[in-house]
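Next up is a structure, given as structure tokens.
We just call them A, B, C and D in the order they show up, numbering each chain from 1.
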Amino acid sequence: MSFSAADPVASVPAHHDAERITHWVLTLVCADGPGIVHAISGAVVAAGGNITESQQFSSADTGRFFMRLQVETTTGREEFESALRPVTERYDMTWQLDVVGRPLRTLVLASTAAHCLNDLLFRQRAGQLPVEIPLVLSNHGTLRDLAGFYGVPFESIPVTDAASKALFEERVVQAVEEHTIELVVLARYMQILSPELCERLSGRAINIHHSFLPGFKGANPYKQAHARGVKLIGATAHFVTSDLDEGPIIEQNVVRVDHSRSASELVAIGQDEESRTLTQAVKWFAEDRVLLDGARTIIFR
Amino acid sequence: MSFSAADPVASVPAHHDAERITHWVLTLVCADGPGIVHAISGAVVAAGGNITESQQFSSADTGRFFMRLQVETTTGREEFESALRPVTERYDMTWQLDVVGRPLRTLVLASTAAHCLNDLLFRQRAGQLPVEIPLVLSNHGTLRDLAGFYGVPFESIPVTDAASKALFEERVVQAVEEHTIELVVLARYMQILSPELCERLSGRAINIHHSFLPGFKGANPYKQAHARGVKLIGATAHFVTSDLDEGPIIEQNVVRVDHSRSASELVAIGQDEESRTLTQAVKWFAEDRVLLDGARTIIFR
Amino acid sequence: MSFSAADPVASVPAHHDAERITHWVLTLVCADGPGIVHAISGAVVAAGGNITESQQFSSADTGRFFMRLQVETTTGREEFESALRPVTERYDMTWQLDVVGRPLRTLVLASTAAHCLNDLLFRQRAGQLPVEIPLVLSNHGTLRDLAGFYGVPFESIPVTDAASKALFEERVVQAVEEHTIELVVLARYMQILSPELCERLSGRAINIHHSFLPGFKGANPYKQAHARGVKLIGATAHFVTSDLDEGPIIEQNVVRVDHSRSASELVAIGQDEESRTLTQAVKWFAEDRVLLDGARTIIFR
Amino acid sequence: MSFSAADPVASVPAHHDAERITHWVLTLVCADGPGIVHAISGAVVAAGGNITESQQFSSADTGRFFMRLQVETTTGREEFESALRPVTERYDMTWQLDVVGRPLRTLVLASTAAHCLNDLLFRQRAGQLPVEIPLVLSNHGTLRDLAGFYGVPFESIPVTDAASKALFEERVVQAVEEHTIELVVLARYMQILSPELCERLSGRAINIHHSFLPGFKGANPYKQAHARGVKLIGATAHFVTSDLDEGPIIEQNVVRVDHSRSASELVAIGQDEESRTLTQAVKWFAEDRVLLDGARTIIFR
């Protein structure tokens, strides 16, 4: 089954339309200083490339320079990398070269809530989310059929105590290696990851949680938010760190509510925000648009 | 399969928690004038009912009075209606008495685009949308598997000429009767309904279409919107009338875009707005929150 | 000087257009139970009144019933109150009868920031905010000219220590009595009110403060928000209580920001949200649309 | 009088903090092709400059390349221009070099509505809008005091017939020359400009008008929008062209409304959107963030 878009748009002609052309996305981070853009664009020219999209940011906080380029070349990866290397070495850059649109190998962790998983799978299928999902891993069996409908393998490992939790996390580590996973998405996975696993997945695991103004600590935050009469509820997608729910923020959304909403309705409304916020964060990450600047993210939308 | 909510909220205790209690929703429309609220609340008291929610609106444009009440009673429907009838007759009211949360019998028409149908089916399954869908009818076979996954019967009748279009519409009329359909949802059904069918479904068929500022006539509006560089794109859910895309508006949403979005990306963004706008409109209709005041809708949210 | 609206709208004809008609707003709160709506609407009918707007809410949390009515009568206040009294006494209601559109006597406290005061004064002048402001009281002289431009008396009393703070607060108390003040607005007044003054102004003082997801404690929250890379910043208008910034929430707004915004830009963006959020909260309060339900507000928009 | 920001933010240290440093904004447009970024960054390096901000866009529709750079140099304008010229000539660029934050000389046209003018003047004064306004020109005297409060010269020339309209427009042309005006803002100026004046001000005059979904033609659009029961109303800021209200769009906003709003309330709500949309468009233009690509604008936010 393949879902098609509703309104087919006549394809916009590309500038250079040859079969041999590759569309690259190049991200790089280094200490800020003069001449970087000139040097990197020189390397692109040397490789016969054309810059079709470019975004940069100089962080006043950390003195770091961030750049994301999309480049068309007819050269192969090795040749392109050779052209880039003198520059990336001179400026001591952290960099990455990827093909635009390549599906990111993504492992999804889930529990019993379907809304985030459904949104990820539907959009992946509809061609709106450049990921491939070789496995959904859950501590419950609830979502087996949903994964099955989309043809995605599903495993469940109950987590009831320290031993079973360790088993689950071992399977995560194993699956990451087995499938050369590039991103782990916690799609309302309701167990806290161990500090060791957080550390191991640092910078490549995304979590979603509800967000309120003001924040509420402790159990049943929707009930607390209801009791306090908040007028906005929302969701925050962030990188997983061992400091629970305090990782660098990738995306946030809120929606307006009023006093007539029951706590259950707040949950339903909050779930919508969670789905779309998580999917958006995953999409940006898969498109190499998310770079880390200390505790902040740079999002090249 | 049943999708559960992520964060179970301890159930909020109802005021009166007896098994025999029924929760009613009562909507009524009549010429405005003094004493209506008193009369109707007197009838509710006479039936032993307690008003738990009440909204009213006096239309300065048409001189009509609109009201939506939620009422708890231990009396049955007949007894309640008997208590109401003297008032509804005295004020020549158009009125309707329904049970809160009763699933509305809904026929969905679709073509090839999956996004609206998927959202309707997922939310119905998740218990967030009080409808039951005995049939999805399409002019293509594309969405058969999606309907099947949710256990919803699916039929396709190709529409290629006037004769096949008439066949399709006959099947709509037949299905409406066969399943005592209360609402027909055009979930990106891409054929124009005949004036006769529009007339027949008047006030109980909802359509969704894209919306731009300014509006664009003719083919491929997303391409036009792209060419004009619009900064907002959105969707409008409205009642179907024979005046194409000009029926009373139920709900509208927009989202911000910028010059870097291709026409194809505008389509994807627009589809999200279409899904959530249509589902919201269907939800309000199913909850008896949508009343007609000439060319306007009164939405008792 | 009087600011006129840009597009004069031909006045919509009212239902009953006699000179002797008064438009009342009636708010009431009592323990929930059956028959309240019938009883109160009966009293309105007895007073020859016509209900033109009505909103109610039953709080499942506190078991309280809240109602706001707009009523047209040709009777005077005494006669109307006499008709209401049997019902308000029977149900032990807290209630208030006001004339629609009557300007609320409002004292504004400010410091040096102009944005909130400017918005309040401009909208008051433009006829969009039903308040009259007999005095702006500030701990600085900065905003004297702004108040002067709008013809509003302005006093400044420096607050530098406990003694001068006491003097300032004495002047607040005195001004409240002198001008029979009904609402005190803290329009970015940057001093913490004493618990005694908070208590004395309970339920009739509104404050505004910035809001972030997540919240930030301590000095310079915009700088903290910038460091953390938040994607949304906003403002919350709430009742003043002695529990700093924790009073019942009246209104909240947020706006989207990205990594490229400096901390100073966040301040400017946040100020816009503060202005519009505070003005909105004041407007609803002045229109008798804000009722208290324990720690929550009921907003009859 | 000077309005200060509420929360002083400790100034963020700049990268290079010498007195002789100038912050430039460079915008350029040319036919797209390889090597442009490298060539222009080479010229910046040759001038001893450091690129601190850079945005670019290749238009698939027109084949044009757009770029906006912020550059720090210790060189003067002449030296910098000399370094740029070989590149701008080679690529046949349209380009502009400006100093970041330089106030744009802006002429404001107004009629009787105060909301847009008030917002422009308040933000200019508060340091949030880099414009200087040597004159407000109006066809009415209504706003004289408002302009006066902000110390801005004000002239009114009644427009009642073709002859007086010609006089008004002559004064516009004269004022543009006299004050070397770079931008003309129609802040709810309710007269249609002649095609000749539109042509003369092409690309440097910005207008604001209300926006609805769907659009409404003819008189009193707010009344029409009310009659149709729209759920969203908004505003569009666009360049003035002789094709009325059809110039390239710079910014759009909408806000949600419901059936209970009177036509007059829609006007008040719409005015808020007009103010903030117009001010935003003027700010982006003054910061050299608005470039024209045929009928579209490229906004480098």
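Here is the rule we go by: a contact is a pair of C-beta atoms (placed from the backbone, for glycine too) under 8 Å apart; a residue touches a chain by one contact, two chains touch by 3 or more.
Please read all numbers here as calculations on a predicted model, not as lab measurements.
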Homomeric contact subunit C-subunit D: same or different residue positions, threshold half: same
Furthest chain, CA centroid comparison against subunit B: D
Winner on C-beta contact pairs when A-C is weighed against A-D: A-C
Subunit A and subunit D, separation of their C-alpha mean positions in angstrom: 36
Euclidean distance of C-alpha centroids - subunit A vs subunit C, Å: 42
For subunit D, residues that touch 2 or more chains besides their own: 12, 57, 60-61, 260, 262
Parts of subunit D lying in touch with subunit A, wherever the complex brings them together: 12-15, 32-38, 41-42, 44-45, 48-58, 60-61, 63
Contacting residues of subunit A [partner subunit B, same complex]: 1, 3-7, 9-12, 53, 111-115, 118, 122, 126, 128, 142, 145-146, 149, 188, 190, 210, 220-223, 260, 262-264, 266-268, 270-272, 274, 276
Subunit B to subunit D touching residues, read off their complex: 57, 60-61, 211-215, 226-232, 234, 236, 246, 248-254, 258-260, 262, 293, 295-299, 301
